[in-house]
Amino acid sequence: MGNLIVDGKRTDGRGLLDLRPLKLEAGTIKNAAGSSYIEHGKNKIYVAVYGPKDSHRYGTSMEKAVIRCRYHMSPFSTDERKSPAPSRREIEISKVIRDALESSLILDEFPKTLLDIYVEVLQSDGGSRSASITAASVALADAGIPMKDLVEAVAVGKVDGTLVVDLSDKEDKEGEVDLPIAFLLNENMITLLQMDGKMTVEEFKEAVNMAKEAAMKIKEKQKEALGKKYFEKVDEK
Amino acid sequence: MMPKKGPIISNLRKDQILKSLSEGRHIDGRDLTSQRPLEITPGIIEKAEGSASVKLGGTHVIAGVKVEVDTPFPDTPSEGILIVNAEVLPTASEYQEPGPPDEDSIELARVVDRGIRESKMVDFSKLVIEPAKQVYTVFVDISVLSMDGNLFDASSYAAVAALMTSSFNVYRMEGDVPVKTEDKMAMPLADLAVSLTFAKIGGSLVIDPTWEEEGIMDARLTAVYDSDGRLCAMQKGGSGGLKIDDVFQVVDAGKAKYLDIRKKIVEAVENAKSGN
Amino acid sequence: MGNLIVDGKRTDGRGLLDLRPLKLEAGTIKNAAGSSYIEHGKNKIYVAVYGPKDSHRYGTSMEKAVIRCRYHMSPFSTDERKSPAPSRREIEISKVIRDALESSLILDEFPKTLLDIYVEVLQSDGGSRSASITAASVALADAGIPMKDLVEAVAVGKVDGTLVVDLSDKEDKEGEVDLPIAFLLNENMITLLQMDGKMTVEEFKEAVNMAKEAAMKIKEKQKEALGKKYFEKVDEK
Amino acid sequence: MMPKKGPIISNLRKDQILKSLSEGRHIDGRDLTSQRPLEITPGIIEKAEGSASVKLGGTHVIAGVKVEVDTPFPDTPSEGILIVNAEVLPTASEYQEPGPPDEDSIELARVVDRGIRESKMVDFSKLVIEPAKQVYTVFVDISVLSMDGNLFDASSYAAVAALMTSSFNVYRMEGDVPVKTEDKMAMPLADLAVSLTFAKIGGSLVIDPTWEEEGIMDARLTAVYDSDGRLCAMQKGGSGGLKIDDVFQVVDAGKAKYLDIRKKIVEAVENAKSGN
Amino acid sequence: MGNLIVDGKRTDGRGLLDLRPLKLEAGTIKNAAGSSYIEHGKNKIYVAVYGPKDSHRYGTSMEKAVIRCRYHMSPFSTDERKSPAPSRREIEISKVIRDALESSLILDEFPKTLLDIYVEVLQSDGGSRSASITAASVALADAGIPMKDLVEAVAVGKVDGTLVVDLSDKEDKEGEVDLPIAFLLNENMITLLQMDGKMTVEEFKEAVNMAKEAAMKIKEKQKEALGKKYFEKVDEK
Amino acid sequence: MMPKKGPIISNLRKDQILKSLSEGRHIDGRDLTSQRPLEITPGIIEKAEGSASVKLGGTHVIAGVKVEVDTPFPDTPSEGILIVNAEVLPTASEYQEPGPPDEDSIELARVVDRGIRESKMVDFSKLVIEPAKQVYTVFVDISVLSMDGNLFDASSYAAVAALMTSSFNVYRMEGDVPVKTEDKMAMPLADLAVSLTFAKIGGSLVIDPTWEEEGIMDARLTAVYDSDGRLCAMQKGGSGGLKIDDVFQVVDAGKAKYLDIRKKIVEAVENAKSGN
């Protein structure tokens, strides 16, 4: 402990509550029903949404669209080359991303269908699951899936004993706590919550509130990306 | 990729469960803050270096510990290795197909792993034979024999109790080769992780959900506490969300409860040890 | 050869025809249609039966229930940790267990259904396939599957040149012959028979007869286990 | 897990087969104790260290032997290694899907393996380059090209004939490294395993069943004999049972028959060797 | 470069345009709808054709039979033992063989069916994909699948700077270019073409013409094999 | 094994495409010998040793290069190793299922590999740390993000541009162990492979087919040229055949065109390098 925060500044110069640079685009993949691209820190992630499409497969429901989600990292996305086969980490993250998004969507209009969300991490940095959720929600909106609200996610953490927002890779690895959270803000809901590392119950509550503030900022970026796509389309006419 | 099919709860049954919860009772009669009967039996697999059977209501889980030697990871040359695997066996329910671990089994293993790892329960620095050359690898394998909800807590208790009763043969380096000796060492432990799982069902927040309750819940939240009552791992599950206030209520309720469970684990372990 | 039998006693103190301690229970797994637990020597094995359930899967039959069987060993069940993926040995044993049980059952009442038998070996010792068959037959009875008779299995072998009943792990590994056999006693039928090691045709015949005697003892244990479950249920009322 | 689909035998055909058997004849005209025509051709794969083609009626099997060097198993430091694999190829019948070996292929490989291993046919003590360091690993791979019943015997004969005609390059240790020399050694053999398979169909006990007969049989019994007529491996197959008396009849019938087959194998091997 | 061609003769004594010994047989596998066996150089390859058979599987077509093809090498077929699992090379060759054969066949008589081509290489030598195509076309004819013409394939190559026909294993490995080609001769069509190694456009054209001459010779062998089977069948009557 | 399902082109659309081609235009308005807009952006993945994004019309491909050290193959002790993998991601189209590489992805990887390898573009002799002991292994991984036809050319350009902008840490042997240094070396290159793909559709031979065009083409032919305009790899695809004259026409047309593409690749690489 000791050198990740100096004079209230983090190793990349950010203040405790600052987000890393975040760039979001909607409509990035030709064949997809909806798609997006996010750069958040060094994360570079594409998301494509396909469906809802009719399916007679085992596992569909008479009551709603069933969501499938794959979070996948390209072999060159990490410092050491990653095997292209899905790791246990990728399988778990695919599941929690699906769980983080489902409650934002209104799926009962689409019984007996499948809705596929494909996340491809071309380059990974701290907070890749959070960035994936933020981007996937934009891709779902781009696909016109009815939703209650956008979902945005960010990792809060504890570094040198201090709570900070939007962990970098270095902070994630050398810090004490990593706490990724996703919000459905207009319902005051948490749709993803994981935690690694030790903190008191009081610290935890403070961290959640910090994450919520950050999520509000991210939501603006989501709206911008969707607005820009709509605006440009009008422009093209 | 895709959520697994589970039991279909009829609307009638669903209404019964919700009504009972709204009256402050689980459908099995417990009050909302009581766990089902918990039976922890360490030492049932003599061939394993440590083991425990855990029954939590109708859920039945076995954890076994095996210790091997291997080269350490390059970035942690002076630490032993922990590998947690879980398999929800096809014995557990009619919805469980045999095959490689599905996403539920993988999530289960990873959450149990994080609870143990992040609580710093196992002292990895004492699992070294020679730094950068040979360390102990601790395998914790979890076999879910019977499924009746709340696998996370049952599996966590089984893994923790199995580790607490583990001992294994010491290895000594002869040149570059690790050689097994007859000396035994106990698993080096520094803390104790206690997992507690809550579910949000209808308007109620309840502890230790049954499988039926999980079938109709909005969401689930698992919180793991160290011996000082600090949070050391969490995992939200289920396709619904949780109000922020619900989350805060869970972590408070867990903190009020974890010492009870901790005591049950410690007692079961001590009974097993004195029984030897 | 030489030190597995001393003064007519085996390394664990048994006589040549003695069985190891054997404990059987029926009705051990909540969700299963039928289930059982066996301890035989150091073997500790659970069996669950599910079905018969309707299925449109490829492989079902218009004439009868089709049986599927999985024999699986938990990773901690052996001296060296076992990989959880099914080995070739486990796949072969799954098949011969299925073949050992099928002829005891009356399956033509259940066309187009599947009947699943799942065997989990928590701890393995000599004769784990035999113990699995003995237990699985109890689980099938517990599930109410119509049957001609219970099936029981035991391994006979040759150790230090002498035929002995119910091989221990040590006798299996250091002895000359391992001969697991399953019986459908009321039809005087053999439903499993495998052999490893050398013996004359005459020794073989003697060994089969010894196994049959042992099977009769095991059948009593099976009946006890089923009776006990029934009795306790009545008791509970 | 689940039995594989095979050909459906019509009731008419079934009746014909049973009637023929009850009159003392296989449906192809053989008497009940006669094998179909057996053609053993060793040496057909020049790139293999040993090989044999076996045709048994319409069943056609190729076995190939390859020898590599590897470290021995820790518990048998002074023994070579034998690995038997079998693949029922999709060429063999319309019911055979391509893919990893199914349970039938695995059982086939393991029964052939046990016959060879338990007869002590291969002298593993002579397959050692340096004890505890390097030994020869003998791979016997079996490719079933065409399926017409009784794969166990056909595959066993092919494997045995391939081993009997195998020779391979000797390795010598240079320091810790095994180095291939130009010297050749023959596979060290100490016995000869002869497999015989019988089927119980209706009331009849018959040798060498065809695929049609296997489709309607109650059960199958394979018995493997060493050179002295002792049993060294057995495997019962099929979903039915065998009366104890039937089993005794099989082992007696096999003992009366095995020398005939042994002679055919030995002749084929000698012809192949003298042909070189 | 330098010792693969001496005085106009190749290492195995052949002239530049000579084929290796080639033996072809039709009707070699009992259960198959059509089958064949080829020895070409040291290649020893069996082919079985099953179907067309009705199928409700995903992937069938309302317009024609869908072909599936597997090219597989037995573990003992190569100098070093080959793992029985399909390699990437085998998967690619399976695909190009399928593509090489499909245009010779008239498949629109068989909608909603599958036609399976299974190639098993018992021993491999240079040109195993070409030999497989030559043999598979005979097996398809033996199965009575309607076809425009037989397909034959051969590898031409450049060795010591000279173009030669029907590369041996040694020439393939030590030479400069390997160019396998398949022909549908009566339509003057090329149905497989792959190339490895460097040659000018002019050399390439000359090589194609040399391959065509060789294919004509191979076609005679195909016809002989089919004729012989027919003739022998008549003979048997 | 079995061809993959792709988009169904309606008869109306098919007629439109064919009519357009017969009038000398792709359906997107290009003339028959013009590629779609090509955008090559090297260096987009900072964590990779080299990378490039390639957009060719609606097709979007990323290639990344990673360099590791390993023992050389026994038959080439003084050469580094190249491994090319490709995955058509499920993002690319609704017909692409997630899972291990299918035959299309495998063919794609192998054709890109052959173009690079056979053009002798990478100088493997300079990828050696110590002969017979340690060499560099160059992984080229190709992720197809978006599918609109002609994956072979797009993937090849991406792989080539990624290699041309690659540099990596030098390793030095310390005893038997390769140790990473801070020194960097550029990928050793000796040539440049340019891939060109043509399709035969109806009576027309066209360059750079779109996905729709591939859906109705008879066959495809990819030809790869080295810097001197020699052919160094070819691959015919598709279930139809090509007249011999068509093949000759393709290789001539490719030779007339390859320098244009080569120039675009070189410019993109130089821009990226000067941008650093």
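Order of writing sets the chain letters: A, B, C, D, E and F. Residues in each chain are counted from 1.
Just so it is clear, contacts are C-beta pairs under 8 Å (C-beta built on N, C-alpha and C of every residue); 3 or more make two chains touch, one makes a residue touch a chain.
Owing to the predicted nature of the structure, the values given are computational and were not obtained by experimental measurement.
With steps allowed only between chains in touch, the distance from chain C over to chain F comes to 3.
Both chain B and chain D are touched by C.
Using the mean of the Cα atoms as each chain's centre, the chain most removed from chain F is C.
Put simply, the C-alpha centre of chain A and that of chain B have 27 angstrom between them. Note: centroid distance chain B to chain E, computed from Cα atoms, is 57 Å. Between chain D and chain E, the centres computed from C-alpha atoms are 31 Å apart. Inter-chain spacing, taken between the CA centroids of chain C and chain E, is 51 Å.
For chain D, residues that reach two or more other chains under the stated contact definition are 1, 98, 101. Counting partner chains per residue, chain A shows two or more touched chains at residues 70.
If you draw each protein chain as a dot and join the dots that touch, you get one closed loop, with every dot joined to exactly two others. Moving round the ring of chains, first from chain D across to chain E, one meets them in the order D, E, F, A, B, C. Those residues of chain A that touch chain F in the shared complex are 29-32, 35, 42, 44, 46-48, 50-51, 53, 70, 72, 74-81, 84-85, 116, 118, 120, 122-124. Interface residues of chain D facing chain C in the complex, by the touch rule stated above, are 1-5, 101, 103-104, 106-107, 109-110, 114, 117-120, 218-219, 221, 226, 229-245, 247-248, 251-252, 255. Residues of chain A touching chain B in their complex: 58-59, 66-70, 88-89, 91-92, 94-96, 98-99, 102-103, 114, 179, 184, 187-201, 204-205, 208, 212. Against chain C, in their complex, chain B makes its touches with residues 44-48, 51, 58, 60, 62, 64-66, 68, 85, 87, 89-94, 98, 100-101, 139, 141, 143, 145-148.
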